[in-house]
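Labels A, B, C and D are assigned to the chains in the order they are written; within every chain, residues are numbered from 1.
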């Protein structure tokens, strides 16, 4: 196997192992119901994590996505409540807004040479604040079209449901894989992640690419907001607080380096499912107090990362010296 | 002198902000003496700024090494919980403080080891403690607000010394101590070197790993101190809410202080002014009396404006624009376009 | 004229890097751009390709004025460039690096198979047999350098610019490169060639333009020049004595020196086979070998960058610890690494701080060198090594490549170590400084410092070494002393029986 | 019998008490409780309910973090024939989707508090400052609405400043400090209305530190009835609190038992008392009764 793929392989192996352990303890976790739930419940996270993966691959970070999802839900709900627009029209409007918002952040990051962390942090405050300004209440969405979207699922054998939004996530991941690994834009993203100065000398149009990267993340966050609004059939300004951190964790578990330049969109899917698996396992167990829940989630996260690291180290020793040990220590 | 030049942009920003707040709240700068204490919005800011300020001191060092510490808010909760637990279990005040600070340092040590020895990226390493740390704090408080009535401990949160709020003094003293430690010894240089280029520094014989761990421990200690202050402030440890999202404010303060998140050169003084700027925004919003749903938008807008104005790129562009304008003015006779401007 | 540059000007805060420079490049010409470190060569190139925006001046290509805003624009115009020290993106595959920006696509998607084919085709003729689907990171500096050249060549429809392309190549690779470049010239391209190796300049180029302090001081046909005149142009004065010209006389007597250190059975699995090595006081040890033969790795082992799996280091007081760079520094070692950008300089810190860094780290954080002491140290070495900077407070990242190298050297000289390891210390350094550094080596060894020097330039190695160790396949295969040190014997020792290229990263051994 | 309980989180002492009491009640009745803490996230709650369904629990208790967005998951539970009982907060889904809701009327709580203040000041001019809960949360919105409803028509009582204190002590104190600064060092404030007791306790400290007497110079009324506010009432530093009992699980389990035993369908809303406590209601005793409930 090409050593490039080791991190991905390690991620998948650990996920499979974890699932096996879960199933040994709770056999129902093998049911299609749980599988369907895993996809449906993490659909919004998966979609937003795809955008986050692209951002992180370029060496950036986007903290605004959680707020953008909340804003999207509120925007849709308020528009549907106060106007007669069809949801599809609202979706288009919304995606235009979130994409433009992402592009604006990318523009700021590039034009001011400000760190993405800070610009998107301000964006996070801003979007959450805008959601509040639209409404502070949670607004239900009652539209026949939404019932249609919500009711669309394929009943798998064993009563599990592959819902529309679950499928949407899988499509988003597929699209993300193509964008990241099979387009010139994707190559530019990896190049930026490898080093901006070098990328510039190699002919990457840094400004344009940066804007496009954050616009893409904004688009995915908007899509995720739509999915979330279908998932909850409402808009709520306090929704998805801290989702950006969950998404980042999922991306990292998926084998993407936070420093940029190396990683896989498919790995992110595994990362998201891993987070979902942890969550499901804890619910199935059902004996943990509030505080132990937090501690265990953190510890499981750590365990995953450590396992991944040691697997990679093992493969590095076995599979020839891909990197000098010094570089490894510095990474 | 060089320090003054370094912090000049932050001072200007702060002054502009103060002017803005005064516009909405005319009494902003008034300070009175009541019962031998100075009171007024400015004193409130100095006192309220203590928590973010303390976090900022540690965060500045972490950021200088190209790291980031998302766990500081949680560490505040842990050390506050430890302090409240200890003082309600008849531990002496000194012992209580020692225990709480030890908890903070231990948390920092954990982070530092994950980052420097295991090699996990700082955001992720500290994210782990950020999520699970609150669980640890709640384990100590069993999910309730652990209240205490020890006046000595409460003094650290709401007492006065020479008319000045104790938290403000703690904050200032801690910042001064660490700034002196950094600049009067070689630590500052070594931290900056590791932040810019860890591998080159290690090859030059700098003990990069130990230095990294130490920096996270320092951040943990600062957070521990902030946790004590926050618990002392409300005479109780609120594991769930103490320091919630304060790490973001602290990082903002560091950046507004002109420090690069890519590591290297740092200025604790500038970071502190950054923290003051953040606190002034927060307090200013409260004083101005807007509806609370506007709080976030106002804060975001102010932060964005500050970031844009302070951006080095913009300063550079202004200079270029200025030069071009001067050239145009000197060289070419006033064209129609120039008159239009 | 293919390319004309008229009164190009570029200023950085504090320096005027280019001051109204003119430059002409004819089609079918190889044009050397020469000058001291910091003369402005790289800056000229970056202004030309749009990496920097220029402050003034005109550039025209085939008579049409051009003004590339970005490097991709320049690439579209048919200007291919190998920048100094930019060895592509290590996180991408070789194929991605080679085809970057011009990936073959199918239905708007990158066609990986065609990309691989294309990359392999681009590498043909460079004698490089590597797996293009692996990350560039897997390959050594030299391999990366060749890949960068291949990429630039493929991009250059009209102009090819090579900024010190041979800095990490050995003689054989340089020959390969020259063949390629001559071929391109014959096809009518204009080629700009920057190098500090004057022999290469005379061997390859048709014309020479010399910059000094950001001004053009000469532009002549190479055939009309000789070495002495050229150096005068570059330095503004004659070079008193070129060390290489009259280096050491290798007589047997010189080998008798008191022993300083001894490494016994020193080695690391997968890196370097165990070897024995004794170092005499004031001795200069040369380490010769092909690229990827394990010279750098030997040096890293000796400095504790990677820990040895076997063996011990010993001096007159018994064995000592060499498990980390810190331990090595404590044992009186110094190490100027090969990749100065990643492992050498601390770019954002000032020249002063960079020079003081190792000394400060050694003293510990409590015993701070005062600002005045640091400044004294820095000023001393700025003068002694002729470091071109506008002051000790300038960030090292802003210095030209050669001057950065001098700063790293200064850092270790300031420590006054007993054993100094220099990995390619003169790479990218101009003739003047080159001579200066070699003189310095002689001076400090005369004072008792021992030096291990790695260099791909055999002449240099022969000139300074008292003893030469030859490395092949990560094994120390020969040790030459006294009269044995000639380029003939070294080359013979280097050439393995199965003489083939040791492609780093590809080795199965 | 296995019951799944999806709790919002552990963001306040009150909620911790609710969790403790639910676990206690389940244990007393020999019910296996599957507990899930959603950490204030609706998405986690939905996922948890789906997992409960997948596991095949017998009933589900849900303390919803927000009113909207439960339709599809409740429908899934209904399809799986698992009864759902809502605790302490309402949802705006169709009533057929859940068995019953146990809780108090949040608007009513605000009204009780407002009514007390209106009665207490008896026509005197009263400028009120309000500490809101977390912006956007349903208790904050409803308790504000209820209070405003109660004081509507009484022109002597009016809210002069209103800011969020995020339901926390620290924020309550900080915001109160700014209220005091803004309103003439507190001279212009007659009463404080806090959306929960924790903020009130924080604000009381701020009032004391400003040299005023809470409960006297500034009236304090709040909601929840946590132990510490009874302590404050006993000390004369707070005036009134409206109790929200954390024992929602008791009635819920009772209703479930009746439903499962013989199909008794409970009313759709089992309202708990919103009792007002003042100094006259033996605050010391109330404190003693509550202090070990896990608040």
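Keep this in mind: a contact is a pair of C-beta atoms (placed from the backbone, for glycine too) under 8 Å apart; a residue touches a chain by one contact, two chains touch by 3 or more.
Here is each chain with its UniProt name: A, B = Monosaccharide ABC transporter membrane protein (CUT2 family); C = Monosaccharide ABC transporter ATP-binding protein (CUT2 family).
All values derive from a computational prediction rather than experimental measurement.
J.: Measuring between mean CA coordinates, which chain is farthest from chain B?
T.: Max centre-to-centre separation from chain B belongs to C.
J.: Let me have the rounded angstrom distance from the C-alpha centre of chain A over to the C-alpha centre of chain B, please.
T.: 29
J.: Could you give the separation in Å between the centres of chain B and chain D, each centre being the mean of its C-alpha atoms?
T.: It comes to 34 Å between the two C-alpha centres.
J.: Which integer distance in Å separates the CA centroid of chain B from that of chain C?
T.: Inter-chain centre distance comes to 43 Å.
J.: Quick check: what residues of chain A touch more than one other chain, meaning two or more?
T.: Counting only residues that touch two or more other chains, chain A contributes 132, 136, 289-291, 293-294, 326.
J.: Can you tell me which residues of chain B touch two or more of the remaining chains?
T.: Residues 138, 143, 199, 202, 293, 295.
J.: Touching at least two other chains at once: which residues of chain C meet that condition?
T.: Counting only residues that touch two or more other chains, chain C contributes 305.
J.: What is the complete set of touching chain pairs?
T.: Between chains, contact exists in these pairs: A-B, A-C, A-D, B-C, B-D.
J.: Where on chain C does chain A make contact in their complex?
T.: Residue positions touching the partner: 51, 70-72, 75, 81, 83, 86, 88-93, 96-97, 100-101, 103, 105, 108-110, 112, 133-135, 137-138, 270-271, 300, 305-306.
J.: Enumerate the contact residues on chain C facing chain B in the complex.
T.: Touching chain B: residues 303, 305, 325-326, 328-330, 335, 337, 342-349, 353, 356-358, 360-369, 411 of chain C.
J.: Which of the residues in chain A end up touching chain C in this complex?
T.: So the residues of chain A touching chain C come out as 2-4, 178, 182-184, 186-187, 190-191, 193-195, 197-205, 261-262, 321-326.
J.: Going by the contact rule at the top, pick out the chain D residues touching chain B in the complex.
T.: Within the complex, chain D touches chain B at residues 9-13, 16-17, 19, 132, 135-136, 161-164, 166-171, 173-175, 177-178, 181-182, 185, 198, 201-202, 205, 209-211, 228, 294-295.
J.: Which residues of chain B touch chain D in their complex?
T.: 25, 27, 34-35, 39-41, 44, 48, 138, 142-145, 147, 158, 230, 233-236, 238, 240-242, 244, 283, 286-287, 289, 291-293, 295
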